[in-house]
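Chain IDs A, B, C, D, E, F, G and H follow the sequence of writing; residue 1 opens each chain.
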Amino acid sequence: MDIRGYLAGEIHSNWRSEIIEGCSSVHLPISFMSPVLDHGASDGIGTDILGEETDAFWKDHKSSKVTAIRTRTLIERADVVVAKFGEDYRQWNTALDVGYAVAKEKPIVVLHPSSLGHPLKEVDAAAMAVAETPEQVVKILQYIVIKQDGIDS
Amino acid sequence: MDIRGYLAGEIHSNWRSEIIEGCSSVHLPISFMSPVLDHGASDGIGTDILGEETDAFWKDHKSSKVTAIRTRTLIERADVVVAKFGEDYRQWNTALDVGYAVAKEKPIVVLHPSSLGHPLKEVDAAAMAVAETPEQVVKILQYIVIKQDGIDS
Amino acid sequence: MDIRGYLAGEIHSNWRSEIIEGCSSVHLPISFMSPVLDHGASDGIGTDILGEETDAFWKDHKSSKVTAIRTRTLIERADVVVAKFGEDYRQWNTALDVGYAVAKEKPIVVLHPSSLGHPLKEVDAAAMAVAETPEQVVKILQYIVIKQDGIDS
Amino acid sequence: MDIRGYLAGEIHSNWRSEIIEGCSSVHLPISFMSPVLDHGASDGIGTDILGEETDAFWKDHKSSKVTAIRTRTLIERADVVVAKFGEDYRQWNTALDVGYAVAKEKPIVVLHPSSLGHPLKEVDAAAMAVAETPEQVVKILQYIVIKQDGIDS
Amino acid sequence: MDIRGYLAGEIHSNWRSEIIEGCSSVHLPISFMSPVLDHGASDGIGTDILGEETDAFWKDHKSSKVTAIRTRTLIERADVVVAKFGEDYRQWNTALDVGYAVAKEKPIVVLHPSSLGHPLKEVDAAAMAVAETPEQVVKILQYIVIKQDGIDS
Amino acid sequence: MDIRGYLAGEIHSNWRSEIIEGCSSVHLPISFMSPVLDHGASDGIGTDILGEETDAFWKDHKSSKVTAIRTRTLIERADVVVAKFGEDYRQWNTALDVGYAVAKEKPIVVLHPSSLGHPLKEVDAAAMAVAETPEQVVKILQYIVIKQDGIDS
Amino acid sequence: MDIRGYLAGEIHSNWRSEIIEGCSSVHLPISFMSPVLDHGASDGIGTDILGEETDAFWKDHKSSKVTAIRTRTLIERADVVVAKFGEDYRQWNTALDVGYAVAKEKPIVVLHPSSLGHPLKEVDAAAMAVAETPEQVVKILQYIVIKQDGIDS
Amino acid sequence: MDIRGYLAGEIHSNWRSEIIEGCSSVHLPISFMSPVLDHGASDGIGTDILGEETDAFWKDHKSSKVTAIRTRTLIERADVVVAKFGEDYRQWNTALDVGYAVAKEKPIVVLHPSSLGHPLKEVDAAAMAVAETPEQVVKILQYIVIKQDGIDS
């Protein structure tokens, strides 16, 4: 079974590459998708393409809409969504993505330090697994795609 | 047309009563639903009913699951979801609710101070209106239910 | 059987009241819903409530979004959508509403002068009936709700 | 990520080939679908295949139904719908397609001269991006499929 | 529990009134819906309202489309669909309604003489019950709405 | 908020009346639905109505199909499903109902003695709450319908 | 664009091979699916595999259920459903398949002699095209998959 | 036609390999999926990856949630679900999977000794076929994918 994982959330740490390399090192048949990780490019994409705005609200609005085309298309295609939360940002967009994915019946794996357990309790309750390290996520993904003798997937 | 509004988000200010009273004062045919607003009751509801937990994670988990029965049932019933964000908390649960409601094709009205425009840009982009005051929300709801001569709704 | 009809389209003629009065005069159990028919109010609703815009595009955008809350809520509730097209305006919003309603599996009755048959051919092909007069629409609605002896609806 | 774009709307200008060539020149993994662009063939397809009609309405009806098989099948398959509006025609079919696609939760990119902003305001409000040139559409599509180091899509 | 039953099929015998009276005599909280049972009215409804056609195909087409507004609206509202087949007509429309209702996850009760078991085998296999008499249908409906002590429905 | 609860499972103990009376004693706006609780009537309903079968399999089949009309109709109407498991029977039908309800996005409350935790672990994992006593279920339902000052539900 | 067509209906004439060969001769990228065409095999498949029945009803029931696994799986996969009706059989199963496919939003092409127009009027009204010959069906399919210069599909 | 079968249920007998080898020996284009069959691995997967629990309930909960990611993903991908029940275990999870799959409109083939007919009657009634041996399941699958002369599937 080939599956597709969408990696939502935190962009200033290397959790994505740890998961991707971890899966690659044990040859899991998983492909990964993510939002655009270049923060500046993402923030300005709307006005860069469609013309400047004097009002910051509409600049953000244009960019977020273009970004949403990508985000929703990828979530729709995902078999599983991994969402990483950290201490440093409000990451309302990540929680938004999780809520969207839950309603689309995508299984969610949440990744965050245990210190965030209380403020993330509703997000965790909507998830199928709550991990603290990328290694744990790799093991969960590995379990999902275990190949057994004589069975295709 | 009678409509139902779900009021998600911030519980330490009186924005809900301002909207409800504002709608009531102009006799709008709108009923309002909300999460349980007593923070302590909500946080402990799982263990209060179903037995104590030694691990804080499972205490939160139990409460969040019971809370989710209420939240999702109410969002399903809502015609419109109003979500209030403020400066003081991370409110990942509110963004989760918005994402869930968007995927369920519920129209969203977001209410927050303009200072939060940038971190909430993806939430705002998923909404049909972004308001800064409860009065604006009342006027939007009023527009939705305008009764016109000779037409039922 | 009580049914709900949504009356989309042209706002500068009195076709809505002809249908409503026609149904009323034969005591049909039908309630009618419509967009806000005061063109000025509708055009400016976004900025009237949520603050002015210097750019006409964003003024229109704000208003159209608020309007869409009403429109989609009403189409969701409708059992049948009647859409009136005329010679005078481009009425892309009406065709948009029809497309939306078709995808939501709402039966459509289109009302337009026969002279518009060719440019409206795809809209007509998506409809269950194509009428030229409000009287015909009344008769179609009457047929849908015919009460027969000994049967509830 | 390979995506599929459906190019709806205006058939008398070369906007489609500009988008397709623009995407091709930067090697985007996007395939494009469109309605049949030969206007005469499309208009007469129903009667050409299924037999003549004396009444123009039924001639149009037959053709529009056959066309709709193609249109809806392609919209269902599309990841993104680009809809081009121009000054010259009423293009109710294009707005119909947009409404249909919106209800099917397809992201929409609208392409039109700024002069059409007001009459298209509801269509624009239903879209994720509003572009004025094919080049802008190419850049939006490019953003959606950006390939990042170490990530599959 | 109040339920709604849609009575599809054969119109030249009195099976509908037998079911309705049977349910009424034991005070079941069931309301019944049906197609228009006046065959002539139904056959000509399209052209009666929307204008004559020279071609019998289009006459039938217009009527069937108007009829379908009623049929689909009622099937959508039904909790259970009862479909009666007899020896005398081809009743392709009844089988069409059953197929439509099955895909909409409506439970089907089929009513036909046992002699029709073989040609109706696929219809029967799509049903939850196959009855031979209206009395049996009444008893099935009675079972569905049995009121038990201390339970609401 | 009025809600509807479906009470699935065990029929040889009085857990249903304990929940219903518990809710009634604190005036909760909840109505309850259940399968037919008379075991003999339920087992023979198919052949009692539709004629005897010599083969036990088809006798069971007929009864289970008629029963399923009731069960699925009630689950569709439920806002919350409570499922009771006990030591004494295999209750595959109850687990079937839970699986069906989960896929229909109904929140599940499971009720069983803690001794059954391991064999019911997948059922529990699909639930929003796992209770051991009817009193706990009453309290959960009470939380879901808490009426707060100035808010409708 | 590669599409999949499901060929439902009449099995005693060679209309399927005419369509398949017609499409093949002009190299259309269409694959075809059909029910099992060996009438005897289909009729007895249930009891052949799962054991004899003394009652003809259950023999038919078993076979029809096994057949339905195939039929529904193929209809789900189809992009377009072609349904052939003839004078000789009641073909309630074919009308059942059409109703099912319509509710699943599959476009339908009906194929029948014009003499059957009246009894099939509701089926025809649910279709996107009504053909009299396999050649016409080939041309419709050809139109759906027309490949245009510079466009992928 | 390539199809995918999900093999749910009993893990202590070799029914899966009998079906897989049976299909393989007649070259059926079917791939098979299954839950993880190593009982110990499955039971402890949650705590093995995500950390120990002192409470058996939460140990089971963690494992069942991780398992459910796999189970639901595979059921979603399946064209047909085969569910095996035996005398020895309560197998509530298997009945849960069947209920879930039924609501997702997956055709079910149930496999069990005839002695279990009565307790499994609701499960059997939800299925398209009830088999007693793996050989029968192979024959059913073979029928579903029969390749006929001149037809693709």
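What we mean here is this: contacts are C-beta pairs under 8 Å (C-beta built on N, C-alpha and C of every residue); 3 or more make two chains touch, one makes a residue touch a chain.
Since we're looking at a predicted model, the values are computed, not measured.
The fewest steps needed to get from chain A to chain F, moving only between touching chains, is 2. If you compare A-D with F-H, the chain pair joined by more contacting C-beta pairs is F-H. Placing every chain at the mean of its C-alpha atoms, the farthest one from chain D is found to be F.
The pair from E-G, F-H or A-D that reproduces the interface of D-G, where over half of the contact pairs by residue number are the same, turns out to be A-D.
Each chain gets one centre point, the mean of its Cα atoms, and the points for chain B and chain E are 42 Å apart.
Note on chain placement: the centre of chain B and the centre of chain F lie 30 Å apart, centres being C-alpha means.
Note: centroid distance chain D to chain F, computed from Cα atoms, is 49 Å.
Residues of chain D in contact with at least two other chains: 65, 68, 130. On the chain C side of its complex with chain E, the touching residues are 1, 3, 79-80, 105, 107, 109, 128-131, 136, 139-140, 143-144, 146, 148, 150-153. Taken in their complex, chain B has these residues touching chain F: 7, 16-17, 20-21, 31-34, 36-37, 45-46, 48-50, 62, 65-66, 68-70, 72-74, 77.
Only residues 56-57, 60-61, 63-65, 67-68, 85, 89-104, 114, 117-126, 130 of chain F touch chain H when the two sit together in their complex.
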